[in-house]
Structures are given as C-alpha cells and as structure tokens.
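Heads up, the next two complexes both have subunit A, just with different partners, subunit B and then subunit C.
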Partner chain A sequence: MAAVAVHQFAPCITCHAWSPDRSMVAFCPNNSEVHIYKLSEDKWEQAHILQKHDQIVSGIDWSSRANRIVTVSHDRNSYVWNYEGSEWVPTLVILRLNRAALCVQWSPQENKFAVGSGAKTVCICYYEQENNWWVSKLIRKRHNSSVTSVAWHPNNILLATTSTDGKCRVFSTFIKGVDTRDSKAGSSSDSKFGEQILQLDLSFSWAFGVNWSPSGNTLAYVGHSSTIYFVDDVGPSPLAQNVAFRDLPLRDVLFISEKVVIGVGFDCNPMVFAADESGMWSFVRFLGERKTSSTGPKYGSQFSEAFGKLYGQSKHSINNDGIDNSRQRGGVHENCITCIVPLGEAGSSTITRFSTSGLDGKVVIWDLESQQDLLEYL
Partner chain B sequence: MMVVTDDFVEADNAEAIISRIEHKSRKTESLLKQSKLVEALKTALEGWPPNTRDERCKSANWIVVHRAIMAMKDLDALFSSLDPEYYNILMKYLYRGLSTGDRPTCDQCLRIHERLTERAGLGCILRSLADTTNTV
Partner chain C sequence: MANSLRLYLTCIRNTLEAAMCLQNFPCQEVERHNKPEVELKTSPELLLKPILICRNEAEKCLIETSINSLRISLKVKQADELENILTKKFLRFLSMRAEAFQVLRRKPVQGYDLSFLITNYHCEEMQKHKLIDFIVQFMEASFHPLHLVLWSVVNYFKYYAFLWTY
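Presenting the complex of A and B:
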C-alpha cells in the first residue's frame, strides 16, 4: 500500500503544511483558523490554534530552516508566525490587495514568499531589517484573472504562476538588497523585478497547480480540461508537451524526481506521470487502489448510477440503498485532493514520501518504498 | 511542440471556410453513399479547429457532422477504427447534438456518447466542456 498513514483531522481541509522535523502538521479546517497537531506516541493531539484571520485561510507554508509559518487568507491579509517561548506570535504583512489571497509559498532560501491572489496580482514579500517588518512588492501586470498557484524555481529568483485565464507565466522576482546578482552572464538574475520571462498558452481552461523539477529545468502545470502540461528547457525556446488523460482534472502537482510527477485532483487518487529516456511524458498509473465495481464500467460507482439513468437502461449495477452518496472513487481519499506537500529533505532531488490533503478532511502520507515499479522511474 | 503566445486569430475569412466545408460535405455524402460510414465521419470531423468565431461556419460544419453521425449504425466498427485524436472533437459535436433537443438526434448522440465515454474516459467530457475558446 502506498498510503502509509491516514488521519481524519476535520470535515474538510483547505491546505496543510509540515513542521521542519515532520512531527507537527498545520492545516486549515475550512474556516478562519489554522490548527496545529502534534504526533506523540502514535496519537495526534491538538497543539495550537492560530486565530487571526477573518476568513478562510487559503494557503499555509512552513519554512524548514527558520521554522516560520506564513498564512494567507481570503481576508486579503497575510501573517508570518514565529514561535516564541511556547506560543506562535503573528506579524501582519500588509499585502496591499483588494481581493482574496489564494496561495502562498516560501522561496527556497526562505527570505521571500510569494502570494497569488484574486486581484490578478502576485505579491512578493521580503523582510526589511531596518524597519523590522515584511514589505510587499506587487507584480500587477500580465495576469488577466485570479492567480491560483505559485511555485519558486530553485534559484530563488524565478517564480512560476498559474491563473484561471489558463496561462502559466514565469517572472523574475529579483529584489535589490535581498537577492545577489549571479556572476554567470545571461542568467535569470539579469532581469528586473516583475519582468515576465515566459508565458505559456497551452491550456484553454483554468490552470491550477504548478511545480518546478528539482533542477529547475522542467515545469509542470495542470489545466481543468484533464490535461497536464510539461515544459522542458524553460527559457527562450521551451519544449512543451500536453498530456491529456482519461480521468477527472487535477488540482496540484509535485515533482518527486526529474522524471516523475505526482498529480492530485478530483479523482481522489494520486496519478503518477513519468518521462521516458527520450523525454516523452505519459501517465503511468494511479497510486492508490481503485474501487472498481465488478460489472460496471471503469469510472467507479459514483457515476454508474447517474450514467444508468442517462442512458435509460439499468444495465449498470445499482446499489440496494438507492442513490449511493458514497464518493468512493480512489479508496483512501473520499473527496477531491487539493494539496500535495513533499516530505523529504528540503532541496533534495528525489522524494519518496509526500502527503496529500483534501476536501474530505483527511491528511494522507504516501511512501513509494513499497512501489517497486515506480522506484525504477525515479 | 512550440508554445503559442498569440491570442486567438481569425485565420481565413468566412467565405473561404464555407467553401471548404461545402467541399467536405460533398466528400462526406459520397462516402456515405458507398456505406463507408466511419470514413465519412472522419472526413466530417477533419479540418478542425476552423479558427473562426463565425456562427455560420460552425453551423455549416455541424450540418455535415450531423449527417455522418445520424448515418452511423455499427458503433463497434466505429470505435475500433476511429483514431483517438478524433475523440475530443467528436465529444464536442455530441454535446451540440444533445443540445438540439431533437429526439432522433439525441438518441443517436446518446448512444455514441456512452461508447465514447467508455473508450475515452471522463477526461474527454471535461475537455469538451472546459474549452470555451474552441467551441463547435
């Protein structure tokens, strides 16, 4: 079994993040709070509740070196939480947004964080020592709709964003005084802050999760049309591949090595994509066990009832309890998976453990140790 | 595959497209007369996207596709020889057929929809619904 631990924390989870030593998990139970649970002797206990936001907390990230938590919310605010004594102390970050904040991520060096918002802007926040506060610089141009996801390139300067206008864009976030200019000529640090390096028009529908490969050479993002897009050699002449798959769309992606990507979404079951020697990406398999009804078609018990009615014949297996409200599609998760977080050492090039959280309120830890066929792809 | 950075562009004017569709219609008719039903459907589905927002062109194209869909009888033969690249575009036309409300059209489209979904999965349906730029 690839799923090594499952825990139901709440009726619904919006997003989650892990502490540096992986003993604590912070998540938003679909309200304005952040709950932190600690694992002690195989039992999860509630350790802290962070209450500062007025509306749903849409993004949480926990930095591994500085042990800081950043949270963003639909209330257009962001807080950076520092652990002092035995309490988490919040510092307000004035993002200068007039719409909800939707996603957040610490940069690899943890000196900046990026926030995507419904105001069609991306905020890059950094710490100003002299004034002892976090400053927000906005990238206002380019986006035509909400920014759904942000992902930092390993070089701490390039940022990829996806938006509901269907496009994925890469920007430079170089900030004088925070970032240092690379001595290599023609590298990304030549660009100024907010400059768009690349715009990818591969999707005709909303784009959601985006992630860079460990080396930063490849980018993957998902579109709502059940397609995942892989872009190699991100730069002046990129190579793009569209992989359309059979099942429901994805919401988030994670590179677990240069050649393997895990996608999670509405099928409630992580999907594995891998690139072969020639660099062609394709769908490998689902990670968890799939619930397949014995006589029905391949799309699971949730739909066979509906399709039976649609096609006017009751030739599909019908449950005895009438309308079956169970959403058992993937087995482990019972509802859409919205968030996938790596559980390896920060910056390592291969990850074999990661966690997912979803609208069913579960956090599931996956380990690929037992998946022999997949380990060969890594 | 190169990335496209331009916005949606009208490639040809409507007249040129309509004459192409008429040519396609004649070809489809002759294939139907020869009972080459799968070939006829492929021909009708080809040449898409037409790169146009002109409703007349879309309707003209729909008439040709509709003709081929209604003539279809053996669905097993259809799916064993139809290339997967046609699945997404066929699904879009099936939904256009279902939206007409005309009983024989809907019956036929539903029959094909069932088989196409089994074949291509729910992703195919998503692709036909989520793409609001290239509509039929």
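Presenting the complex of A and C:
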C-alpha cells in the first residue's frame, strides 16, 4: 500500500506543515489555532498550540533551515514564529492587506515569503533587522480576482501565482538589499520587482495549486474544469500541455521528480501524472485503492417512515433499488484532500515520501518505495 | 413514469456530484466576512453556469454553483388547484423547520417550490455522498405522498358525493 501512516488529528484540517527533522507536524484544525504535534515513541502528543489569529488559519509553512513557522489567516494578519527556549514566539508581519490571506510559502533561501490574498494582491515579505519585524512589498496591479496559490522558483526570484480568474502568472520579486544580482541567472535577475514575466490563460475555470519542478524548468497548475496544465520552458515562448481527466477537480499538485507529478483534490485519492520520453504528460493511475461500497439508505428509510406517519399510511415502502446510491470515493481519505507537502530533504530533486491532509482531519504519509511501477517513471 | 423519474434523479445525482466541489472562500467584497457566493452574486468570476434539468414542462430542478456554495431549487408538478394548495402547505411546513434540516433554504427561489442551500461548512461536517443521497431521496420521497393524498382526497369526495346523491 502506498499510504504508510494515517493519523486522525482533528475533525477537519485546513493545512499542515512538517518540521525540518520531520518529527513534528503543525496544522490548523479548521479554527483560529495552530496545533503542533510531536512524535515520541510512536505516539503523537500535542506539543504546542499557537493562538494569535482571530479567524481560520489558511496557510502554514515551516522553513527547513531556520526552523521558523509562518502562518497566515483570513483575519488579514500573518505571524512568523521563532522557537525560543521552549515556546514559540510570534514576530509581527506588516502585511498591509485589506482582505483575507489565502496561501503562504517560504522562498527557497528562506529570506522572503509570499502571501496570496483575497485583495487580488500578492505580498512579498522580508525581514527588517532594525525593527525586528517583517515588511512587505505588494504586487498590486495584475490579478483580477483572489490569489489562491503561490509557488517559488528555485532561483528565489521568480514567483508563480494562480487566481480565481483562471490565470497563472509568473512575476519577478527581486528586492534590492535582500536579493543579489546573479550574472549567471540571466534575464530573471534584470527584472524589477512586480514585473509580470508571463501570463498563462489556459483555464476556463478557477486555477489552484501551482508548483515548479525541482529544476524550475516546468510549471504545473490545476484548473477547476478537471484539467491539469503543464508548461515547459517558462519564458518568452513556453510550451503548454493540458491533461483533462474524468474525475473530480484537483486542489493541489506536487512535483516529486522532473517527470512525475502528484495531484490531490476532491476525489480523496492522489493522482499520479507522468511525462514520457518525448515530454508528453498523461494520467498514470490513482495512488490509493478506490472503494466502491454503496452505503445503506439511512436517510431514505427515515424519510419513508416520517412520511408514513404524516399521512397515516401504515406501510409505504420507497423502492431504492432502481437508483444507485453515491459511492464513497477514495479509500484512505474520506473527504476532500486540500494540501500536499513533500517529506524529502529540502532541495533534493527526487522525493519518494510526501504527506496529504484533508477535510476529514487525517494526515496521511505516502511512500512510493513499494510502488514498483511508479518508481520507473522517477 | 417510474423510468423517467429514475432518469431524472440519476441526472440530478450526477450533476450534484460534480457541482458539490466546494471550498472555504472568504468574501472579496467585505473584509473578515465569509458569505455564500451563490446568494451574494457580486463577483461573477466566482459563479459557475447554472444548470436546469427538466423532466417535463411542470417539473424542473435548477442547480447553481459557486466556489463555496450550491443552491438547488425544485419545482414539483401541480396538476390542478387542489394539488397546488397541498404542495404549498406541505412545503411551507418543511421550510418553516429549515433549521432542523440545515441544508434547506427558508424561502424558495423565485419561480420554484423548494430550495436547498449547501455551503462548504456542510461539506466539511457531513460527507458529500451522504448529502447527495439525502437530496435525491428527499426528491424521490416527495413525489409519492402528494399524489396519494390527492387520490385519497378525490376518492373521499367521490364517495360522499355518491352517498349524498343516492
């Protein structure tokens, strides 16, 4: 089985992140707190609760080198938490947002982080030593609707964003004083802050879940019309492919190697997409087993009894056999999967372990070591 | 007749399985608020195309989806005045107890008899396939009693008309 470990932490989980040594997990149980659980002797214990936000925490990211947690919430605030002594201490972030923050990600060098918001802006935050706070620069003009997902390119300067207006955009986030101009990087380091490098108008519906490949050559994002888009050679002349599939839409994607992508979404089952030698992407298979149980009509029978009582009929059976009940999708997760996080070492080009969390409150760790047919694609 | 009912309900079930992909989405218009976008309708990019499924001229089902909410409006067949009154009474009885149902809307959408409003919070608390089962079985169950009550009322009047005239 590809799912190695399943933990039920809460009734519903919004998002999660792992510590650098993978012994602790931070998640939001669909309220304004962040719970941190520690694995000690095969049991998960609650280690800390971070309580500073007023509304639901929509994004958590744990940086791997500096051991800092950044959280963003629907209350327009963000905090960067540092572990001092035995407590997590929040540092103020001047986000300058007037709507909810939807997603967050640390940059590869962890000197900046990007926040996507419902104010149709993206905030890039960096640390100011003199005042001990994080200041932001906003990318204001380009988005026509809420920014649902952000992803950093490995060069620490390019940022891809997806929005509910259906478009994926790539911006340059070069900040003087924080980033250094690298002569080898080429055109990306010549751009000013907030300059739009590329706008991809491939999706007819909302776009979610953007991710770069480990080398930064390929970009993948998901559209709500049950399609996933792959863009190679991001630059002046990109090559785009879209793969449409039969099932429910995806919410998030992850590159586990240059040629394999895992997508998670409303099907409650991770989907594997792979590219062949010629570069054509296609759907390979689902990762978990698919349950096809038809559960008994509990609601139906209660209704028929209720109607019987209302209208004084002693027995009126409602025939349910002709109409099939909806089958429960997916095996391990019981509700939509919202978040997928890699569990390898930071910066490695191939990952075989990753974790998913969903609205059923479970965090599931998947390992592809046992899946021989998929290891060939890596 | 049973066959077309089954097709109608299967079509509705399949549409609901695709439409009920909802997620938590904070309001873009007002800060710190979270409203069902299908009711608000202020941001057109957040709404999907409504789907109208008609069984015949008198029975139809309108499904409107947005990013965080879904609205299902039903119109049931009312052949004559008596059925009209019975339907109104029965559905008003249900709508007044909308809190117990959680997914029922207190007032039906203009032009329809009954409306459901499902938000992302319902999908988080309850399982999606159970919600769809509930709605389809509700529709199925609501087709039966009205006809039977109507028949029993008509037969009652026929019987007593017979008694009075002979």
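Note that the second predicted complex is superposed on the first by the 340 of 378 C-alpha atoms of A that agree within 3 Å, B and C clash if a C-alpha of one lies under 4 Å from a C-alpha of the other, contacts with A are read in each partner's own complex, and residues count from 1 in each chain.
Basically, a contact is a pair of C-beta atoms (placed from the backbone, for glycine too) under 8 Å apart; a residue touches a chain by one contact, two chains touch by 3 or more.
Since the structure is predicted, the reported quantities are computational estimates derived from the model, not experimental observations.
Undergrad: Contact-wise, after the overlay, does A:280 reach subunit B, subunit C, both or neither (first, second, both, neither)?
TA: neither
Undergrad: Check the residue A:5 against both partner chains and state whether it touches subunit B (first), subunit C (second), both, or neither.
TA: It touches nothing on subunit B or subunit C.
Undergrad: Between subunit B and subunit C, whom does A:49 touch in the aligned arrangement: first, second, both, or neither?
TA: After superposition on chain A, A:49 lies in contact with neither partner.
Undergrad: Quick one: classify A:202 as touching subunit B (first), subunit C (second), both or neither.
TA: First partner only.
Undergrad: Scan A:92 for contacts with subunit B and subunit C and give back first, second, both or neither.
TA: A:92: touches no partner chain.
Undergrad: For the overlaid complexes, name the partner, subunit B or subunit C, with more touching residues on subunit A.
TA: Partner with more touched residues of subunit A: C.
Undergrad: Contacts for A:245 in the overlay, against subunit B (first) and subunit C (second): which applies, first, second, both or neither?
TA: Touch partner of A:245: subunit B, not subunit C.
Undergrad: Thinking of the overlay built on chain A, is A:224 touched by subunit B (first), by subunit C (second), by both, or by neither?
TA: Both partners, subunit B and subunit C.
Undergrad: With the two complexes superposed on chain A, say which partner A:145 touches: subunit B (first), subunit C (second), both, or neither.
TA: second
Undergrad: Residues on subunit A in contact with subunit B in one complex and with subunit C in the other?
TA: The overlap between the subunit B and subunit C interfaces on subunit A comprises residues 205-206, 224, 248-249, 297, 299, 303, 307, 310-311.
Undergrad: Inside the complex, what are the residues of subunit A that reach subunit C?
TA: 11-12, 14, 30, 55-56, 58, 74-76, 98-100, 102, 118-120, 144-146, 164-166, 205-206, 224, 248-249, 251, 266, 295, 297, 299-300, 303-304, 307, 310-311, 313, 316, 318, 320, 322-329, 334-336, 338, 359
Undergrad: Help me check something: in the complex, which residues belonging to subunit A touch subunit B?
TA: Per the touch definition, subunit A meets subunit B at residues 198-202, 204-206, 223-227, 231, 238-242, 244-249, 297-299, 303, 307, 310-312.
Undergrad: Okay, in this complex, where on subunit B does subunit A touch?
TA: 1-6, 88, 110, 114, 117-118, 120-124, 126-127, 130-134
Undergrad: Looking at the complex, which residues from subunit C come into contact with subunit A?
TA: 2, 6, 9-10, 13, 17-18, 21, 23-28, 31-32, 34, 43, 45-46, 48, 67, 123-125, 127-130, 132-134, 136-138, 140-141, 144-145, 148-149
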